[in-house]
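In the two assemblies presented below, chain A is common to both, partnered first by chain B and then by chain C.
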Partner chain A sequence: MILKRVIIDRLSGTWMVTALAIILMLPLIIGFALYLKASPLFELQSFSQLIGSSDWSPTNGNFGFAPFILSSLYVTILSFLFAAPMCLFAAIHLTQFASKRLIHVMHPVIDILAGIPSVIYGMWGILVIVPFVGDVLAPLLNIKSPGYSILAGGIVLAVMCIPYMLNMLIETFNTVPYGLKEAALSLGATQWETVKHVIVKKSYPGIISSFGLGIAKAFGETLAVMMVVGNMVQITLNPFEAGYPLPALIANNYGEMLSIPMYDSALMFAALILLVVILIINLIFRYFIYKTQK
Partner chain B sequence: MNKRKKAEENIFRILTGFASYSLIAILGLIILIIFIKGYNALSLDMIIKTPKGGYYYGGEGGVLNAIVGSLYIAFGATFIAILVGMPAALYINVHLVSKRRTQNMIRYFLDALWGIPSIVYGAFGFTLMLFLGMNASLLAGIITVALLITPIVIRTFDEVLSTIPKGLYEASLALGSTRTEMAFKVMFKQGFSGFITAVLLAFGRGIGDAASVLFTAGYTDLIPTNLDEPAATLPLAIFFQLGSPIPEVRERAYASAAILTVIILIVSLTARGLSKKYSKSNLK
Partner chain C sequence: MKRINFLYFLVAALILSSCVSKKQKEKTLNFSGAFALYPLAIKWSEEYKKEHDEIRFNISAGGAGKGMADALAGTVDLGMFSREIAQEEKDKGVWWAGLCIDAVLPTISADNPYLETLKKRGLTKEELTGIFIDGSITEWNDVLNVDELREIQVYTRSDACGAAGTWAKYLGGKQEDLKGVGIHGDPALAEAVGKDPDGIAFNNTIFIYDIKTGKKRPGIEVIPIDQNGNDTIDPEENFYNTFNAILDAIAEGAYPSPPARELYFVAKGKPEKQATLDFIKWTLTDGQKFVKEAGYVPIAQDKINHYLDKLK
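Let's look at the complex of A and B:
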């Protein structure tokens, strides 16, 4: 009887450890597999050439990732500029000013926003944002734009990242001790002054981390962006022009990748860039959060 | 001076309030557009028929193949994710309970893992598939999505498990239970609300994700009957139909999007309701 229980204990213990070990090894395995697949590319071109060159002609064996990397950065930064102030204000409102009833409504709202699949955001972008950019915003500024543009991608991405960043910001603001706030208020500070000088200051690391993680999330988002961004290989500073972010490159070309030599290596290299960049950003800012939570 | 203070206070109250109310407006706008657009094209045929000949030129049929494919993949992946994620979360909270540093390290890595975008999982799934000599199939899709959602299961479940008072499992160990018995009979029961949330969250993520199944699950007009057959998925059905130049087909993309949104809403609201229901009966 006791033996049976001990055996079961051992077995399930092993099962638990194996499961955890597999999951923790996952990033390494993924990274290794992608590197292995991408490695033929490194024999063809040097690393700096791959990153820095803007010559993208797979049929000739030229793989310059610069247009894609720059597009990705551009879309990400734009989305961050739209989403960050909005999230910061909303988080302040929800943790400091809002009524209980509003908070009650907002929780499911944020949950649902976070749960909507990226393809739905993409479709919404095509139906709302693309016409808005192409037919309203561009003529207003006297610019010609097809609507499918970096700006449209940035807006859609911003909406997608809002629930993600907002959740983390709310958590950060909620960890500020209540006593600090009371102290500031009792010294005669107004509510807003308390927020400005105490709450925000105290949560500085948390805010930075939330923003950083939001950027990482935006950088890797695929389908929604790909549907509205236009997908043209070019380097441009004009947000009304089309872009071609890295994830879109991978998703758009998986069909052809086995028919052109080295093409699959190139796409796996793109995935490897995404993995490494996002993992590093995540590890840095998560570390920040853990340090400050102690 | 006082006037300026007051003005500043008011301005920012309005500004921050505007930010939160506009979130509700955004969600409303998204849902409204999806359903208004979807309503016109939504018919019973969409839900109960697979694509017939000429479907992609505006012919007869529906997206049953994609609905069933998506459900297969989401259920399969959630099942694997539970098999791997549930014991892993229990291990963190049972066996490692006295090692705070290790616990935090593991949580830290899992959180970082959660941040990896699904397209990377998709690309990895694809290399794995080639390596094992498989074709794009239901099984490959399930495995890829499972990898994607397992960190979600672990972290969400773990979040609830970590709030369980220590005295509870000290009591159970003191009564002579093994750690496994304690894990499954005490911890699992106490954290059941977290388990439900974790599973439904993962399911919702799995059914809505397109980038990971794009490479691995393939696409077909038939309902898959075997694990090695390709499977259509709802997000991809929306994506492909939306790219069509024919208006009727695009209309169907809107209808498919409405179907997917309804599924997601049901899952997400059920998760809320169930987790509330089960956390009520917990010992505090």
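Let's look at the complex of A and C:
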């Protein structure tokens, strides 16, 4: 009887450790596999050439990833600029000023927004955002744009990130002890001063990690962006021009993988860049959280 | 004891269900790939089901490249493919059967201010190359005699697809050489060019013409190709008004090839599944009578015989 118990104990213990180990190993395994698949590319071109060159002509064996990396960053930064302030203020209002009823209404709305498949965001982008950018915003600034642009991609991405960021921000603000708020108010601080100096300050790590989550999500989003961003290989600062983010590159050209030599390695390298950038984003935000907690 | 009985029951259910699903798998055909072939594949699957109601179809469109990649990876039974099969793909052991012919046509918006002039004058292959590949023609007044400065907005396909491959081949390039804003999928490209008065693109015939009315879909127009280069569209070059006229022109070779091209089913090696072989055989025999009504040009009988030989 005792033996049986010991065996079961051992078994269940090792099970848990293996499960954890597998999960911890996953990013490493994925990264390693991508590196292996991408490595033929490194013999063809140097790493700095791959990252820095903007010459993309796979049939001639030229793989310059700069336009894709820059497009990805541009779209992500734009979406962050749109989404972050909106989420921050909405979350403050919901947790500090809004009535209970509004919060009850908002929670399902956020969940629904988070659950909508990205192809629907993409369709909505084509039907609403692309004409809005092309026919309303661009003429307003006296620019000619077909609407399929980095700006359209940024707006669609911003909408897609909102539920994730908002949800996390609400959770964060809700964890601020009520006593802290009461203390601040009893010292004569106004509502706004309390929010600014107590609530936001106390939730700093949470705010940063929610922003990090939003950026990582925006950087990796594929389908919806691909449908509205215009997919043109070029380096541009004008948000009304078309861009070509990394995930779109992989998704669009997955089919050419077999007919052009080295193309599969190039796509794997694109995937590797994505993985590394998302890792870096996470590390930076981890560092910020660590700093603010100290 | 009860528990063990329950376990046995579960295992038995699992084994049984796996048997059923295997049988079902034998009777389910999965296709993916070219947008150009998608409507015909749907039509065929509907007609085929009338005779063989045990067969199920899963058909999805995602561009010819996806069809090829899926077929070679073995995730679908047949890939739908709409450009010439590249040597690299043949080296990977692709098996194919031709089915029918369609074409890629240059398109503009029906709101284009120079529509009437363009219809009378057409564009030559060199001018189209200047617009789509060289970038040497960027404004309408580079080709038409107009005073206004209006930029041409070029649209292309972003997904790896047969239409872009075939169109680029006609203009002497590869898909990656085509300039312009990349749109994902043929229907979305037709929509985008139809909306932009300065837009120019290329579409598969089936997405330009309405099969029911035989006319062009609202909003989209075709630029006639000036094949002899005399800056006018002669009566023998003018066959773009109705679906039937362009199909006849493709069949007779009056419309050049490429951009007219054969459409294929592809697979990794000769398909082993009996249901797949039966279906391909049916498409090449009884199925051919639906080709014309679905808006495609049938292939020549000797080619059909050749592909039927490949099935044996």
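Please note the rule applied: the second predicted complex is superposed on the first by the 259 of 294 C-alpha atoms of A that agree within 3 Å, B and C clash if a C-alpha of one lies under 4 Å from a C-alpha of the other, contacts with A are read in each partner's own complex, and residues count from 1 in each chain.
Keep this in mind: a residue touches a chain if its C-beta (ideal position, glycine included) is under 8 Å from a C-beta of that chain, and two chains touch if they have at least 3 such contacts.
Note that the structure is a prediction, hence the values are computed from the model and not measured.
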Query = chain B versus chain C on the shared chain A, clash or fit?
reply = clash
Message = Between chain C and chain B, which one touches more residues of chain A when both complexes sit on the common chain A?
response = B
Message = Is A:Y254 touching anything from chain B or chain C once the two structures are fitted on A? First, second, both or neither.
response = both
Query = Now for A:I126: first (chain B), second (chain C), both, or neither, which partner does it touch?
reply = both
Inquiry  = Output check: A:T59 vs chain B and chain C. Expected answer is one of first, second, both, neither. What do you get?
reply    = second
Ask   = Looking at the overlay, does A:N231 come into contact with chain B only (first), chain C only (second), both, or neither?
value = second
Chain B and chain C footprints on chain A, overlapping residues = 126, 227, 254
Inquiry  = Quick check on the complex: what are the chain A residues that touch chain C?
reply    = 56-59, 126, 131, 134, 144, 146, 148, 226-227, 230-232, 242, 244, 248, 252-261
Inquiry  = If we count contacts the way the header does, which residues on chain A are in touch with chain B in the complex?
reply    = 5-6, 8-9, 12-13, 15-17, 19-20, 22-24, 26-27, 29-30, 33-34, 36-37, 85-90, 92-94, 96-98, 102, 105-106, 108-113, 115-124, 126-128, 159, 162, 166, 190-193, 195, 213, 216-217, 219-223, 227, 247, 250-251, 254, 267-268, 271, 274-275, 278-279, 281-283, 286-287, 290
Key: Partner chain A, residues of chain B touching it in the complex   = 5-6, 8-9, 12-13, 15-20, 22-24, 26-27, 29-30, 33-34, 37, 83-85, 87-88, 90-92, 94-95, 104, 106, 108-113, 115-124, 126-128, 131, 147, 150-151, 154, 178-181, 183-184, 201, 204-205, 207-211, 214-215, 235-236, 238-239, 242, 253-254, 257, 260-261, 264-265, 267-269, 272
Query = Which positions of chain C touch chain A when the two form their complex?
reply = 62-69, 72, 86, 88-89, 92, 151, 153, 155, 158-161, 174-177, 180-184, 188, 191-192, 195-196, 199
